[in-house]
Amino acid sequence: MLLDFDRLGWWRWALGGFTAAVAAFLLLPIVFIAALSFGSSQWLIFPPPSWTTRWYSELFADQRWLDAALNSLKIGLVVTVLSVVIGLAASFALVRGRFRGRETLKALFLTPMILPVVVLAVALYAFFLRLGINGTMTGFVIAHLLVALPFSILALTTALEGFDKSIEDAAILCGASPFEAKMRVTLPGISAGLFSAAIFSFLTSWDEVVLAIFMASPTLQTLPVRIWSTLRQDLTPVVASVSTLLVLVTIVLMLLVALIRKGLSKP
Amino acid sequence: MTVPFLKIDGIRKEYGPVVAVEDVNLTIERGELVTFLGPSGSGKSTTLYILAGFEKPTLGDIRLNGQTLLSTPSHQRNIGMVFQRYTLFPHLSVGDNIAFPLKVRRKSKADVTERVREMLKLVRLEGYEDRKPAMMSGGQQQRVALARALAYDPPILLMDEPLSALDKKLRDELQHEIRRIHHETDVTILYVTHDQEEALRLSDRIAVFSKGRIDQVGTGPELYADPATRFVAEFVGDSDFLSCRVTHSQGGRANVVLGGDFAVEGVPLHDERGTPGEGALLLRPERIDLSRSEPTGWRGLPVRVDDVTFLGSNVHVIAQTGWGETVSVRLPFGHEHISGLSRGDEAWLRFDPNEAHVFV
Amino acid sequence: MSSLTESRSVTGRQGGRRMPRLFGEVGPALPAFLLIVFFFVAPVVALLLRSVLEPVPGLQNYETLLGSATYIGVFANTFIVSTVVTAAALAIGFPVAWALVVMPMTWSRIVFAILILSMWTNLLARTYAWMVLLQRTGLINKMLMAVGLTDEPLTLVNNLTGVTIGMTYIMLPFVILPLYGVISNIDKAVLRAAALCGANRWQALTRVLLPLAAPGMAAGGLMVFVMSLGYFVTPALLGGTSNMMLAELIAQLVQSLTDWGLGSAAAFVLLLSTLVLYGLMLKFFGTSRLGGQ
């Protein structure tokens, strides 16, 4: 009866109320920064004395913020493409291959996701210093790719496992080459997985902080690094406006994922 | 008048616009085994859930010894239940599963141990006490579930298609066990099933559910010999239906005409308020006789044989009437007119109008 | 089965002779494999080597790390915060996951959307919000004073309290989502059976629902604990300089003090604890499957 909502008696109000409170707790910071970003107080007094778009103007007037955003976008897009392509190839091997040690290989590919990022960051920092690519675009892309790839592989192996290989075989028996069959039959069949892989790879790179803090040079900063270094100095409301925009980006991308899943689940 | 043991009184259950149970009334005596027989969606399970307290009826009342049960929450109803799915607590051993209802009733440790042993003996699973449910077969799990449900000596035991997940052999075996346990414990059992054979085998009485109502309540032979509705006739035993026209009716009997000119007189009539004059004649395949030659002394229904199937102790004949309706007939093996009977042969059917039924 | 053998022959004919079949199957994983080996395994191994090679070969870095009260303090902070965060996330997460399983779809969808949004919102954005919310003149202090829980504003930020609040906030979805999976797999008929057996709600909760959800609690809890051990951003921003956690210590040793030997040793301690805990988790949930189907 504890799993029958209408037979929980007053417990259901307690449970529902508690859940609503937790949902509010989860939502509070997000709504709060959005409100703050339009508040006029330099000292982040809440509720603010009046409303303004001043922080957004300041943000868009500052070339350093725009450069950082552009860098993040560039790195994110390159990482997305690489992560999906490399992840797709690896997923084919992991799902279709019949070699020994397949599970171990998959576990190896997923470890960057579960190990403390700070360890990877320090290790890569040392390594890149030696290679001389610290603070370069290449360095950023490699670092972000390492943490984005597991998400891509997870999404794509799941999608491939759910795709019946005999459909691809049928295409080959119809006369398509194995490559053609993959391009024209299998990839469209797992397109939802491909989109998820792409979006989560992009978001992972776009939001990545820890690796970036170590990677960054005065000349090349990503958006999160810029926020980080600003926050270490003071709590300017400009950060609230950036954060609000970042939340918007997240919402848009999440809606995209939801829409794609919904659209593709319909026949 | 004495107060009935259990009375289901005008139960109705609506889920929004859907009426799952329309109007169910039933009185059950102490110690009876009553099955709720019906197809899925006929309201039998919902009625059982209302008895268990998982659902609240929209209308109606349930009274145990004259006292309403509806205001008592499930855990205080003191009712036992065996579910369709395996519902043993997976984290507890067999012994702890059976002990669970006793422990939540704060029974002493000695009582619990003693009772668990008794129950394991009752369901013939002595020695399985320390097993985890996952290590037992489906049949064994349902035995444990039965033991758990009986451990606290409930006056009523509900069983919701408890054997439907098992294969036929195990099902037969457990049906036998349930009857034995019913005799040994004297518990009142309400048993839901969609399997007529199971219902006939187990029950003292059967309540046939259809579209949220009980069409008829009775013993197996009563339902077979005297079905109240066409639905009951179809659901209990095998049946042939021939369309007919009612020419005259009086005192619960009717004269009917089949296929334009074959008259049958004095057939028991059941009024279901269908189209006036139009009816369906029910025959039981095993109560029809067949002759290869035009009989003398009685008027046979002429048919043409479509198919003859040998089924061991009896032979199944499918025949067609002159106007194109199909009748199946079951004859004992060795019946004088069977040997050499084959497709295309002419034959004449005979039945006793007293054993037939007309549903209008 | 037949389609499998058929497909084998179809693809086999195409790529069979020139390269060995095995390469055809493993080959596509090669780019990912090289990337991981070259930029993940090698750098991490190199880092660990530095912990025993710099400044001179030997275990002196580990001796320093485990022999100094300052560093022991950092380990203690990390352990305490991770434990409290895990306990809080489980205590808050269980009722929410349970509610998500039973509550009507329309409501649970909303809560899920909020969970996913909060999980994927930029970490810095969320941490920034808590920095502002928790400051002395912040909203939380104002509310606490308004309802009379405190007269003076509390110091909620730049200390471990702030870190704990911020991290609990961040870890909640990681407990709720797996627990939701476990609880939604519990057959509600089992709990109905418990009720008919005479268990009241409290007994059904403590004797049936919680034990059945326990594997999920353990798995989710362990994951949160491990993640908390190595968390960097939130402790760095919400914590104070006097109450450091392990990840910050590693970063500081390497970046500010350029003491690579000691920094690597600290990183190794973190890595080892993580691996041991994951190993435990695998051993726990890989072999025995509690809870049945």
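Going in written order, the chains are labelled A, B and C, and every chain counts its residues from 1.
As a working rule, a contact is a pair of C-beta atoms (placed from the backbone, for glycine too) under 8 Å apart; a residue touches a chain by one contact, two chains touch by 3 or more.
If you're wondering where the values come from, they're calculated on a predicted model, not measured in any experiment.
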Graph class of chain-chain contacts, one of line, ring, star, complete, other: complete
From chain B, the most remote chain by mean C-alpha position: A
Comparison of B-C and A-C (more C-beta pairs in contact): A-C
Rounded Å distance between chain A and chain B, as computed from the means of their C-alpha atoms: 58
Inter-chain centre distance, chain A versus chain C - centres from mean C-alpha coordinates, in Å: 16
Intercentroid distance (Cα basis), chain C paired with chain B, Å: 55
Per-residue overlap in chain C, given as positions that touch at least 2 other chains: 192, 194-195, 201, 204, 208
Residue numbers of chain A (touch at least two other chains): 1, 4, 9
Junction residues of chain B, two or more chains touched: 53-54, 73-75
List of chain A residues in touch with chain C within their complex: 1-5, 8-9, 11-12, 15-16, 18-19, 22-23, 25-30, 32-33, 36, 43-46, 86-87, 89-90, 92-94, 96-99, 105, 108-109, 111-112, 114-127, 142-143, 145-146, 149, 153, 165-166, 168-169, 172-173, 177-178, 203, 207, 209-210, 213-214, 224, 227-228, 231-232, 235, 239-240, 242-244, 246-247, 250-251, 253-254
Chain C partner contacts - residues on chain B that touch it in the complex: 52-54, 73-81, 83-85, 87-91, 100-101, 104-105, 133-134, 145, 148-149, 152
Contact footprint of chain A on chain C as seen in their complex: 3-4, 6-7, 10-11, 14-15, 22, 25-33, 35-36, 39-44, 46-47, 50, 92, 95-96, 98-104, 107, 110-111, 114-118, 120-126, 128-133, 135, 137-139, 142, 169, 172-173, 183, 186, 188, 191-192, 194-195, 201, 204-205, 208-209, 226, 229-233, 237, 247, 250-251, 254-255, 260, 263-264, 267, 270-271, 274, 278
Interface residues, chain B side, partner chain A - complex: 53-54, 73-75
Chain B-facing residues of chain C, complex: 187, 189-190, 192-201, 203-204, 207-208, 211-212, 214, 290-293
